[in-house]
Amino acid sequence: MDRDHEQGRKLTHFDAAGHAHMVDVSAKEDTRREALAAGRITMSAEAFRLVRSGGMAKGDVLGVARLAGIMAAKRVDQLIPLAHPLAIRKAEIDFELDDDRHAIDIVARVGITDKTGVEMEALTAVAIAALTIYDMCKAVDKGMEISAIRLLEKTGGKSGRYQRA
Amino acid sequence: MDRDHEQGRKLTHFDAAGHAHMVDVSAKEDTRREALAAGRITMSAEAFRLVRSGGMAKGDVLGVARLAGIMAAKRVDQLIPLAHPLAIRKAEIDFELDDDRHAIDIVARVGITDKTGVEMEALTAVAIAALTIYDMCKAVDKGMEISAIRLLEKTGGKSGRYQRA
Amino acid sequence: MDRDHEQGRKLTHFDAAGHAHMVDVSAKEDTRREALAAGRITMSAEAFRLVRSGGMAKGDVLGVARLAGIMAAKRVDQLIPLAHPLAIRKAEIDFELDDDRHAIDIVARVGITDKTGVEMEALTAVAIAALTIYDMCKAVDKGMEISAIRLLEKTGGKSGRYQRA
Amino acid sequence: MDRDHEQGRKLTHFDAAGHAHMVDVSAKEDTRREALAAGRITMSAEAFRLVRSGGMAKGDVLGVARLAGIMAAKRVDQLIPLAHPLAIRKAEIDFELDDDRHAIDIVARVGITDKTGVEMEALTAVAIAALTIYDMCKAVDKGMEISAIRLLEKTGGKSGRYQRA
Amino acid sequence: MDRDHEQGRKLTHFDAAGHAHMVDVSAKEDTRREALAAGRITMSAEAFRLVRSGGMAKGDVLGVARLAGIMAAKRVDQLIPLAHPLAIRKAEIDFELDDDRHAIDIVARVGITDKTGVEMEALTAVAIAALTIYDMCKAVDKGMEISAIRLLEKTGGKSGRYQRA
Amino acid sequence: MDRDHEQGRKLTHFDAAGHAHMVDVSAKEDTRREALAAGRITMSAEAFRLVRSGGMAKGDVLGVARLAGIMAAKRVDQLIPLAHPLAIRKAEIDFELDDDRHAIDIVARVGITDKTGVEMEALTAVAIAALTIYDMCKAVDKGMEISAIRLLEKTGGKSGRYQRA
């Protein structure tokens, strides 16, 4: 716990000289780890209506975004410079439509049994799913905004469970 | 303009049957196009202080995030399923530190001379730069939040200039 | 035409010494080029029924396969060793369900304005779409077979139109 | 076995709501798994003769195709949307020339010790090897056809050995 | 010329504030550009003998290395952080065996018609070809050394021809 | 030991028929393995001075090169055709500036616990870091030379410790 505490006080991706490195995780334990991340994209009434009706065969925006998010979770190590390559074991993305705010809430859950966590995988899945929705709706609305990308929960590993307040 | 208007009324990434496709841009003109996108990551006072001091050789978080964002702009077509492959000609990312809110504001500018715009490249650069900052600071603060990813401005192309209100 | 004829008589991806190379296409003209390729996957009655019903919200196998094919068309140069990198401008995939044979016919159309053709892009899109269908149905039927992957038509370029007999 | 049976009755890549996901394989056992897949490419007499003579230093078409297939087996998770990332341990590809039909038979064998099988890796290796042969011979014959891509055998895992009838 | 001179005096990949960026090349002219780079790998007598005999069907080390180099030239923009994505038009690699020194000399030539040069593509092709030779011979000799990776010649572009002294 | 000896006498990446394959490593033991590789880039006095001053905020060439090298170590299996995909656990790169020779010495250390070693990862990290330095300085000096890329040390695995003489 002392060590955990100490680790919390510095940026682990840099060594003592301030040089970026991929930190050694060999000594960590293989445990089941999961991460749950969320985000939101807010759009115009018209764009929102088109996404909503997509489920009814006019074009499945959310189906495309879901795949994009899952695929992105598999290549986090190629996007985030110091992230470890990880063979994720599970990835799923859910969307919830908020009719009042014309917003789509995105939740990604990623799981693995390994020596390091999958927060970045879940967060990246959310971000790329949101960007894909933007891409597919931008002919209708360029003013969409992606927000509230955050880690909701993290389990497994030495530091135990993290749950967003 | 009529056609522009009409185009604005549907999701161009789907055909009449609702099937996703990569829309044909061959007939569009090669023009100089630029896109400017922005976003923000908000963090704890402690994480913010570590990022800020990074410029003074304790570990250059923003330098790493800048590179990650630029590199991501080059592979948008592999992340966003229906995005066209594009040989971008310019990419730059700036950060501004907001001491009051413990936030880092990210702005990406991408340029090209081609038949289609680079909004997705600029937005993706912002998102990946923000996620990289998250990755590098997560040992100190897991509660960071990425927000306000949006297109600020877009020039070039038939539809002309877009500027966020 | 003589040169065309002669070119037809050897494997252009090898030089005089038999060494593989990426052949120089600089001198070729930029013309509009399209390629149309097709293929088929045949499966058990049960798997076929599940794919068919997928359109009705039990899981959209063909929607996933369509995206996989389109995305593969964008990275042909990373899969086929001597293929030129190409910024394709259009890609679409259609499926036709053959109830009698429990087969799905796949057709991909890819377009570009460039110095070299997109046959490989269309053929690869078909192959990866078929493999994705296999992946999604393999829990139900491991005996599926992918067949008849072929070029149907090719337009543009010096050699003119090719149409499969 | 009941569960196996039941699993066989639905498309495992979709959840109860019909949404695509990367299915959780964490609970599966690490066992040695192998997959053997095959396919064929049929071509004109002239193209076939050129491939055959390639072994004799005019240009080693099959050597290039073998490498392309092996490399493709390593990136299946980037091609097939819901495939798990896997660190394959063995990959080999053999070709057999059928002089009577001007066809090349392709067989790929892939091995791993992991929680999920490598059918997709073997099938993708076959498909990309065949496409590479197409690419290298297309200046001589555009009418080639790729067929009979199928799983021959699969060992390891809870469901045990699969052998094509 | 003044501007050229001035450009030569600073690191163009950084802006005035010292921040890395992908420099804007939009204003440059499309000209035919080629780059010729070379390198060498020196090895033990035994390893050298095995590579040499490979041409005689015991395993074509140089054929594999040639493909690896060509493929690497196509993905320079994903390896070198600030390199522009480029659709190269030609790539070839030659090897020369130096029996006296047990060395293999590698020469790569890459061509394009674009706004920026292909030095990095040629140099990367050489480096990856050399590394591939290392990989294939390392069971026999771990002491191999790669050296003399350098640009031999560069043509096209405003700065004209560069030829190594 | 006999087998080890024998293995040392042939190129393991080829089978008995001389065909390239990804050799089966399943039977090997999971052990902690590390590799240490080095290389050097030599440049003009002016380029060297600019790199050196970069640490003082005119543009951090070595910081960019460090990241490029680390990221390349993560994708060796996509660059070196017969290399196994590996989830490396640690990667770090150090630079030493040699004022007398205007050279930068690069050392990469990569670690893993797996069935096969990470020599190629460490060597590739060195090569790509050097190429990145070249890229960033080439506006000032095209005559830079990359040399002495070699394995310094390797630990773990059946063959035990290798240390360069």
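Chains: A, B, C, D, E and F, in written order; residue numbering restarts at 1 for each.
Keep in mind that, in the parts below, a residue touches a chain if its C-beta (ideal position, glycine included) is under 8 Å from a C-beta of that chain, and two chains touch if they have at least 3 such contacts.
On a predicted model such as this, the values are computed, not experimentally measured, just so you know.
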Worksheet item: If you walk from chain to touching chain, how few steps can bring you from chain A to chain E?
Response: 2
Worksheet item: Among the other chains, which touch chain D and chain E together?
Response: C, F
Item to complete: Chains touching chain A and chain F alike, please list them.
Response: B, D
Response to the item:
Comparing which residue numbers chain D and chain F contribute to their contact, where sharing over half means same and under half means different, the two sides are different
Worksheet item: Which pair, C-E or C-D, has more C-beta contacts?
Response: C-D
Worksheet item: How big is the gap, in whole Å, between where the Cα atoms of chain B centre and where those of chain F centre?
Response: 32
Worksheet item: Whole-Å distance, chain E centre to chain F centre, using C-alpha means?
Response: 16
Worksheet item: What are the residue numbers in chain F that touch two or more other chains?
Response: 19-20, 60, 63-64, 67, 71, 81-82, 86-87
Practice prompt. Spell out all pairs of chains that touch, sorted by label.
Written response: A-B, A-C, A-D, A-F, B-C, B-E, B-F, C-D, C-E, D-E, D-F, E-F
Worksheet item: Of all residues in chain D, which touch chain F in the complex?
Response: 32, 63, 66-67, 70-71, 73-75, 86-94, 111-113
Worksheet entry | In the complex, chain C residues that touch chain E | 15, 19-26, 77-78, 81-82, 84-87, 115
Worksheet item: Touching chain B in the complex: which residues of chain F?
Response: 60, 63-64, 67
Worksheet item: Along chain E, where are the residues that touch chain F in the complex?
Response: 7-14, 18-20, 39, 46, 50, 54, 57-61, 64, 67-68, 71-72, 79-83, 119-120, 123-124, 127-128, 130-132, 134-140, 142-151, 154, 162, 164-165
